[in-house]
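Following are the structures in question.
Paired with chain B in one complex and with chain C in the other, chain A is shared by the two complexes that follow.
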Partner chain A sequence: MSFEWPWQYHFPPFFTLQPNVDTRQKQLAAWCSLVLSYCRHHKLYTLDVMEAQESPVFNNKKMERKLSVEAIQVVFEELRKKGNLEWLDKNKTRCLVMWRQPEEWGKLMYQWVSKNGMVNSVFTLYELSNGDDTHGEEFHGLEEWMLLRSLQALQTDGKAEIITMDDGKGVKFF
Partner chain B sequence: MHRRGVGAGAIAKKKLAEAKYKERGTVLAEDQIVQMSKQLETFKSNLEEFASKHKQEIRKDPQFRVQFQEMCATIGVDPLASGKGFWSEMLGVGDFYYELGVQIIEVCLALKHRNGGLITLDELHQRVLKGRGKYVQDVSQDDLVRAIKKLKVMGNGFGMIPVGGSYLVQSVPAELNMDHTVVLQLAEKKGYVTVSEIRDGLKWEKERACHVLDHLLKEGLAWLDSQATGEAHYWLPALFSELTSRDVTPEEANQMTP
Partner chain C sequence: MDRFSWSNGLLEIDETLVVQQRGVRLYDGDDKVKMELGVALLSTHRLIWRDIKNHVRSEQLCTIKQSHAKIVIHLHPSSPSKEPGPFQNSKYSYIKLSFKEHGQIEFYRRLTEEMTQKRWETTPCFFPPSMQGRKTRAVGIVGIERKIEEKRKETDKNISEAFEDLSKLMVKAKEMVELSRSIATKIKDKQGDITEDETIRFKSYLLSMGIANPVTRETHGSGTRYHMQLAKQLGDMLQAPLEERGGMMALTEVYCLVNRARGMELLSPEDLLNACKMLESMRLPLRLRVFDSGVMVVQLQSHSEEEMIASALDNVLEKGSLTAEEFAKLLGLSVLLSKERLLLAEKVGHLCRDDSVEGLRFYPNRF
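== the complex of A and B ==
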C-alpha cells in the first residue's frame, strides 16, 4: 500500500518555517505527524539528518520545495519533546524514531505470546524479531534496541524476564 | 366685472380654499390608508394561503425558495426576520435556515485550523451537501448566502467577501478592512499573491502591501513560502484548490484548538 501524503505536503509554504507563532505550531504538529506516519509506513527506526534532507519526506522534488536543515532540526526537537525521538550522538546527526512507544510494542508481543499459548516459553531475541513464527506480526523486523526496551517495559510490569544466554539475550514471558 | 387679483378679500378667499383642500387632503389620506390596510390584509391572507399550500415545496426545492424569497422581498417582508411567528411556524422557513446556519458553523469550525477561518463559498457548499446525506433536502448556494447573512446579523463573526465572481466566507471576527479584502481578491486566481503583484496590480507602495500581507499572516489566513522563484509567495489555504474536499484526518482533528 503506497504512502498517503497529507494535504500539507502539497502546500508549498509547508516547507518554509512559518514566522507566525500560531501557524508555526500547526505546521510543526503536522510535520511531526507526517514524520511518524512515514516512518511507521516504511518501518524506519533510525534517521540520519543529512540523509533525511534528501528523503521524500523533507524534499518534495516535484514541487521543488524542501525543508532546510535548520527547520528539520526544529521538527526533530519537537519530536524529541514529545518523546518520539532520541538523539544517538551529541552532535545530533542520528536519531532513534519511536513512532510506537516501547510499552505499546511490549503489549503487542505479549498479546501474540499469550494468544499462541506460549506463556512460560523462552525465546531468543532473534526468534522474536526475525523468526518464521512471528512473520506477519507488526513487531517482526523490530530493531534490537527497540526490542530490548519493549521487553524491559514488560519486565517492569512483571510480565517478562530478560535472560542472558550463551550466544546472546533471550526472554521468558509470564 | 370682478377683477381677480390682489386684495384682502382675494387673500381671505385663497386661504379658505387652501383650508378646504387641506381638509379634503386629510380626508383623502384617511381614505387611502383604510383602503391600503384592506389591501394589505388581503395580500397577507393570500400570502398565508400561498405559503401553506407550498410549504413542502419551500422546504424541498431550492429554486422555489429563491423565487419565494424574492417575492417576499418585493413586498418588504423578510421571512427570516424573527424566529417565531407566522413565517417560521407556518412554513418552517426559519427552521430551515436556522438548521442550515448551524451546519455552516460546524463546517467552518472544523476547517478553521486549516484555513484560518476563511473558506470559499464553493467549498462550503460542497461540504454542507456532503454532511446532509442523501435523503435530506437539497441546498443551494443562494440558501447558504441567506443563512450566512442571518448569522452575520446575529453577530457570529460571519462575513462574506466578494472574490472572483463568488464569495469568501469569513467565520472568525478577524479584522479585515478594504485593503485586506482587495488583496484577497487579487490572490483568488492562483491561491497566492506577491508584493510585486500587489504593487503592479493595485498601484500601492511596497510598505502598504507588506502591511497587509503581515496582517494576513498574523491572522493565520496566509502562509509564507520563501522558496518560490523570485520573491516570497503568500499562500491562502482557503484558496488552495487541492485542499478542498480533502477530509479532516484524525491527526488534524487532534491538532484543532477550540
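== the complex of A and C ==
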C-alpha cells in the first residue's frame, strides 16, 4: 500500500514557515502528523537530519518545494515537545522517532503473548522482534532500543521481567 | 691596448699606490699610440696611465718583461664585463711602456713585486665605472615609473593640504552653529525684547544655514503654527488624489505631488512629516499611518481596513494565488502599497505565504 500524502503536501505554502502565529501552529501540527504517519508507514525508527532534507517527506520534487533546514529543525523540536522524538546526539543530527509510545508497544506484545497462551514463557529479544512466530505482527522488526523500552514499560507494570542470558537479553511474561 | 678601460684615477679602498713615474709613453704592441707622455701609476690592483691632460686609463696587471727603456707587459684577454676604454680592438696582446724620463728600473722592480704578491686577488675591491662612460638611469621604464611615483606623491600632498583647510572650515562651522544656537535660546528667553521682524529675519538666516527652526519643539502634539497651517493645506489638497487612488498614498508620493503643485516654496521632507503627524490631532479627514515594515502612508479617514482586506482576499481567491506585483497590476496600485495590503491580510490570518526561489506568493489560508 503506497503512502497517501495529505492535502497540505500539495499546497505550496506548506513548505514555508508561516509568520502568522496561528497559521504556523496549524502548519506545524500538520507537519508533525505527516512525519509520524510517514515513519509509521515505512517503519522508520531513526532519522538523520541531513538525509531527511532529501527524503520525499520534506522535499516535494514535483512541486519543486522543500522545507528549509531551519524549518525542519522547528518541526523536529515540535515533535520533541510532544514526546515523539528524541535526539541521539548533542549536535542534533540524528534522532529517534517514536510514532508509537513504548507503553503502546508493550501492550501490543503482551496482547499477542496472552492470545497465544504463551504467558510464563521466556523469549529472547530476537525471537520477539524477528522470530517467525511474530511475523505479521505490528511489532515485528521493531528496533532493539524501542523493544527494550517497551519491555521496560511492561516491567514497571509488573507484566514482564527482563532477564540477562548468556548470549543476550530475554524476557519473561507473567 | 684594448685591455685598458677608463677610470677616474682615484684609488679605491684597499688599493694602495706602489710607485708612480712621469714621462711614460704607451705603445700598443709595437705601434705608437696617439697618446702623449703621461704618468704611469702602479697600484696594488691596477696599472694606471694618466696623460698630462688628466685622461686616465687603467688595467689589471698580468705578465711583464723588460727591454731597454721600455717595459713590455703581456696582457690576459679582457673579461667580457670590462668597462669601455679608449680602444675597442687591438691586434696585440701586449703593450709597452716607454720611459722617456727613466725610472723604469724602479718601476719594473715594483711591478714584478706586485705581480708576485698578487695583492689584487687577496683584497678584492670594486671598480666603479668610469665617469665618461657613465649613463644616468633616468630614462627608460624605470625613469617613467619614478616620474609617475613622484607625481602621485605630489598629488597626495596637495589633496591633504587642501583638506586641511576644509577641516579648519568645519571646525569654524561648528563654532558658528553653536553661536547661532546660543542666540536662538536667548531669543526664546527674552521673547518680548526683540521685534517680530528681527526674529523672523534671524530665523530665516538660520534656516538658510540648515539649522532647524529653533523655536520648534519636536515633541508630538505641539507643533508650530507653520506646521498646523501646512497640515490644513494638505488636508484640502490631498482629498481628490487620495480618492482617485483608493484612499491611500505612500508618503513619498504625497511629497512629490505636493511639491510639484507648489512650484515655488517647496517643502522639506521634515516639514511634510511633521505636518502629517498633526493631521489626526487636528481632526482632518486624513491621517498618517505607519505599517509594521516602516512604510508610511497617508490615508482617508473614511478608508476602511476591513474592506480592503476582504477585497484582497476575494482577489486572491479568484486567482488562486497572487504575488504583490500581480495584485498591484490588478488594482492599479503601487507595488509597495499592494504588498502592504497583502501582508495585512496575512496578519489577520486570511492569507498565507509561499516563499520560494520563485518569489513571494500569497494563497488563501487553508490551514
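Note that the second predicted complex is superposed on the first by the 174 of 174 C-alpha atoms of A that agree within 3 Å, B and C clash if a C-alpha of one lies under 4 Å from a C-alpha of the other, contacts with A are read in each partner's own complex, and residues count from 1 in each chain.
One rule holds for everything that comes next: a contact is a pair of C-beta atoms (placed from the backbone, for glycine too) under 8 Å apart; a residue touches a chain by one contact, two chains touch by 3 or more.
These numbers come from a predicted model, not from an experiment.
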item	value
Joint occupancy of chain A by chain B and chain C, clash or fit	clash
Most chain A residues touched (candidates chain B, chain C)	B
Touching partner for A:R65 - first (chain B), second (chain C), both, neither	both
Contacts of A:S33 with chain B and chain C, given as first, second, both or neither	first
Which of chain B and chain C A:Q53 touches, first, second, both or neither	neither
Chain B versus chain C as contact partner of A:P6, first or second or both or neither	first
First, second, both or neither for A:N20, with chain B first and chain C second	both
Residues of chain A contacting chain B in one complex and chain C in the other	7, 11-13, 15-16, 18-20, 22-23, 26-27, 30, 64-65
Chain A-facing residues of chain C, complex	321, 346-347, 349, 352-356, 361, 363, 365-367
Interfacial residue positions of chain B with respect to chain A in the complex	113-114, 192, 217-218, 220, 223-228, 233, 235, 237, 240, 242-243, 246, 249, 251-252, 255
Residue ranges of chain A in contact with chain B within the complex	6-7, 10-16, 18-20, 22-23, 26-27, 29-30, 33, 37, 64-66
Residues on chain A engaged by chain C in the complex (per definition of touch)	7-8, 11-13, 15-16, 18-20, 22-23, 26-27, 30, 64-65
